[in-house]
Amino acid sequence: MDPSERFCVPGERLCSAEEATAGSGTYTRHGFIFSSLAGCVEKTSEESGLPVVSVVRDSDPQLLPDVGVVVTCKVCSINSRFAKVHILYIGSTPLKSIFRGTIRKEDIRATEKDKVEVYKSFRPGDIVLAKVISLGDSQSNYLLTTAENELGVVAAHSDAGMQMVPISWCEMQCPRTHTKEFRKVARVQPEFLQT
Amino acid sequence: MAEAFKTVEPLEYYRRFLKENCRPDGRELGEFRTTTVNIGSITTADGSALVKFGNTTVICGVKAELATPTKDSANKGYIVPNVELPSLCSPRFRSGPPGEEAQAASQFIADVIENSQIIEKEDLCIANGKLVWVLYCDIICMDYDGNLLDASAFALLAALKNVQLPSVTINEETGLSEVNFKQKNPLMIRKHPVATSFAIFDDTLLIVDPNAEEEDLATGTVTVVTDEEDRLCSVHKPGGSPLTGAKLQDCITRAITRQREVKKLIDKVINSIKPK
Amino acid sequence: MPVDHRRLCGPEESHAPALWAAEEGGDESPRDPWALRPLFARAAVLSQADGSAYVELSGGTKVLCAAWGPREAPEPPTAAAAAAALRMGRLQCDFRRAPFASRGARRRPGSTAERDAERDLAAALRTALEPTLQLERYPRTRLLVSVLLLQDEGSVLAAAISAGALALADSGVQMYDLAVGCALCRGPDPSAAWVLQPGEAEERRAAVRLTVALLPALNQVSAVQGAGSGGTPEDWAEALCFGLDACYRLYPVLRQSLLQATCRRRRAM
Amino acid sequence: MSERRATLRRLSCSNGASHCSRLLEGTAASRERRKRKGLSAVRREEAGSMAAVVLSEPEKLYIVHGVQEDLRVDGRGCEDYRCAEVETDVVSNTSGSARVKLGNTDILVGVKAEMGTPKIEKPDEGYLEFCVDCSANATPEFEGRGGEELGTEITSTFYTVFSSENSVDLKSLCINPREHCWVLYVDVLLLVCGGNLFDAISIAVKAALFNTRIPKVRVLEDEEGSKEIELSDDPYDCIRLNVENVPLIVTLSKIGYRHVVDATLEEEACSLASLLVSVTSKGALTSIKKVGRGSLDPESIFEMMETGKKVGKALHVALQKILDEEESLGTSRQKVGFLG
């Protein structure tokens, strides 16, 4: 352990709010910055203005899906109106537990929304990149969209059980049987090519 | 990226390790996790033991009470084992009454007690037809990382060895029982049954002392219980992939070796806590 | 009585041997009311939980606690609950007492009396821990705290509160502060003084019992729960001050254990 | 909307300000009041629509600022109770019963005495059993299992409050030690939840216990030692309970920097933490408990306990007066019941 490291527990007063800006893992009350985590205090100086005080933990922070973030999810079930998914990753951070989400038919692609059919876009078991558009209301859970070129199916298995390769923005092909299946394919970015 | 591979394709990830004859936690296929036992730490129980297999932690507390025996077995006491999997031990269990797995484990422990004769139930009789001991053996899992059955059976055995019963006499004149807490006697432990579990991968590969992850991925499990006379007390194989006779024989041989080690460990700890 | 099919029940009726034993004259020596029982605390003890803690009071009370960070909340039952869930997360507490945790007769798990007692303890724990959490950061989710009482030698709720706060902090959820619990009681004798962290026997004989929980950094009280033969507000205020002072004295121990756990976790990386 | 609602309530309170000074009133007076109170219909309607109180931020601010000035939305000061109506002996087939209306909150409590066996640890005492029914009529929140949590919280609170040794003379409920005793089943029915449930229930419980009449029994023993219990022939020959030491609960809700007693539903929505204290007629506090998801600073707990003692004592005096009044009217009293 680096002796210069300063550890703190929740509720510990870090400094006055005039000396620094509150970063992640902290909160401000009565003009002071307090730690809200048990972790290590970090002070980064900004070029202009006050340094930022934050508290970091080594294990991944307890992330939650939030509006605008890209998530990786697995399709569990589909019907004619929507696909139900399990959110597995936020960005590249795995979630500790599963959160459920819904991709409605009208959120699958950006163009020709009226012609979209869910079963021609996703199949159960597909790994999909999507973006959170809403935390949902009292009836529904997280609402997701794939209406962007970079979003959609990134990994899918064919009927024969093989991992398929994308051949266009709306089709994938099985390397063994060469049958083609419809999907809303994502234009894959290099950092998501993993296996 | 290994982390991501593990999340998406856990079985494939695991097979790659097995090909190299090792496991993701660094053990060999036939290697047990570090096993420790702590006896007598719960002073409100009449006997107790805490057993750890790596992360898996199980505690057993025995409480002795007095009851009247049933008519048809007037000279037999009761041993009532219960396994609890509280929500604390793993997120997979909900709070509330025992679920399927806890019930199955309780039944397994009850079978081990019944088949192995750890204790003769006649030893628990105080007055024939009138008064017997009831041993409530409550086994609670505190940290669930696989191999619950082995740990539970081990904790039960160690806790029973720790039990001290107060002496009870029946007053001839009044017919009432009198309990003397100053004079305590240990239980007579007749056999030392030890359970050894194996996870089966792809119908052929056997790995010993599986952790929770391995149990989830395995195609089946088998638990073998043997005692110090190398006798087979129980074989528990709840479904899953089939096993050849030769493989089962292999399991039994390994279980016998394990029984020796566990027995040695218990004796060592019991001796270390004995008042000089 | 309904039969519990999910447990092995044994005989219908059985009694603790202590019922027939000669009455023990368990008179304890008078103790220094200011004295605190040494407290042992260790965080990050369980593998399957996001955060965990073990608290033991010398004399034997042993409490184990696990905490899980935000998880998907179950469907809220009513519209108002759903509206509340959208604004903030929910803390759910679960309290189990091991059947062998107490002196005397075994507690029958699943019996009505046991369920009621566990539920009351869980509710009290939730009241004490909720103010420490920044729940508005975790909408639509629930946080879970699960406690297992292994041995009851008095001051159980107080120990559980301290353990719960440590476990939550260890799980990495954002909190305002830790919570430190302390129990105190006063004997039936009118001249009796308040004693801190009573043992099981003292608690049983006590005329008045009180459990307090303090958020030490914010100087806020998150739990006050007391009952007994009546007292004036001044009486209770005195007890409260006494208890809160004890919480301040216990805080460094808890803080130290949490710092150690944080260091250990960092080294393990 | 919020402004209009607020003015409406101010109106109703200028009407009601006169009776706020009186803490409680009996049925005789209340019947009269109900006749002349034109605005009561409006308030009731409001109550129906607001079972689930969701307040906007400005609405909350309005309430908090009012409390700061010691002027609450309905015109009360911080330590004033709403006027409560108490009527006893409303359900004929119970041993004792009472109905209490506190603002919109409406509670019915029935006490039933039945014979049982004493508990092993207390062989020479009877005991009380509480049961709270959060009926779905009280608020839609209680539909399904919604009321369960609240129900168990209320039940356990009352067990704590009555656990104090001398709240009720339990020894007087013993018929013969170890074998027979009276068990008092106290059933609480929430008809309408309009805030401050705990206080209202405790008033109703005390009134119902006051009203309780337990038949006198004699234990007859024959030569062989077997016992028989004989019920007195005279229906008026019965035991009354001494309720002098039965405590009342006072809930003090922290709003802003101050605390109020007898909070309405809207005020409860503005309060993060409350202190429940049970107070005996002599002003002793037999139990204290913090409820709610917020915390309290030590100083305000001290103040709340003081207020609780003061208000609780006054409440006891007012309640006892009504109970005595009702008692003195005897059978000549005209019952209002549920249609009144």
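Think of it as A, B, C and D in the order they're written, each chain with its own count starting at 1.
Just so it is clear, contacts are C-beta pairs under 8 Å (C-beta built on N, C-alpha and C of every residue); 3 or more make two chains touch, one makes a residue touch a chain.
Small disclaimer: the values here were computed from a predicted structure and weren't measured.
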{"item": "Chain closest to the middle [Cα centroid of all protein chains]", "value": "C"}
{"item": "Most widely separated chain from chain B, with each centre as the mean of CA atoms", "value": "D"}
{"item": "Mean-CA-position distance for chain C and chain A (Å)", "value": "37"}
{"item": "Distance between chain centroids, defined by C-alpha means - chain B, chain D (Å)", "value": "52"}
{"item": "Geometric centre distance via CA averages, chain B-chain A, whole Å", "value": "43"}
{"item": "Rounded Å distance between chain B and chain C, as computed from the means of their C-alpha atoms", "value": "29"}
{"item": "Contacts with 2+ other chains: residues of chain C", "value": "68, 71, 79, 83, 215, 218"}
{"item": "Multi-partner residues of chain B (at least 2 other chains)", "value": "91"}
{"item": "Pairwise chain contacts under the document criterion", "value": "A-B, A-C, B-C, C-D"}
{"item": "Chain B contact footprint on chain A (complex, rising order)", "value": "88-89, 92, 94, 97, 127, 155, 194-195"}
{"item": "For the chain A and chain C complex, residues of the former touching the latter", "value": "1, 7-13, 25, 27, 29, 34, 36-40, 57-59, 61-62, 64, 96-100, 135-139, 141"}
{"item": "Complex interface listing, chain D residues touching chain C", "value": "52, 54, 140-141, 143-146, 152-153, 156, 160-161, 163-166, 247, 273, 275, 280, 282-298, 301-302, 305-306, 308-309"}
{"item": "Complex interface listing, chain C residues touching chain A", "value": "50, 68-72, 76, 79, 82-83, 85-86, 132, 134, 138-141, 169-178, 215-218, 255, 258-259, 261-263, 265-267, 269"}
{"item": "Complex interface listing, chain C residues touching chain B", "value": "4, 6-11, 13-18, 20-22, 24, 46-49, 60, 62, 64-66, 68, 71, 94, 96, 98-103, 105-106, 109-110, 144, 146-148, 150-153"}
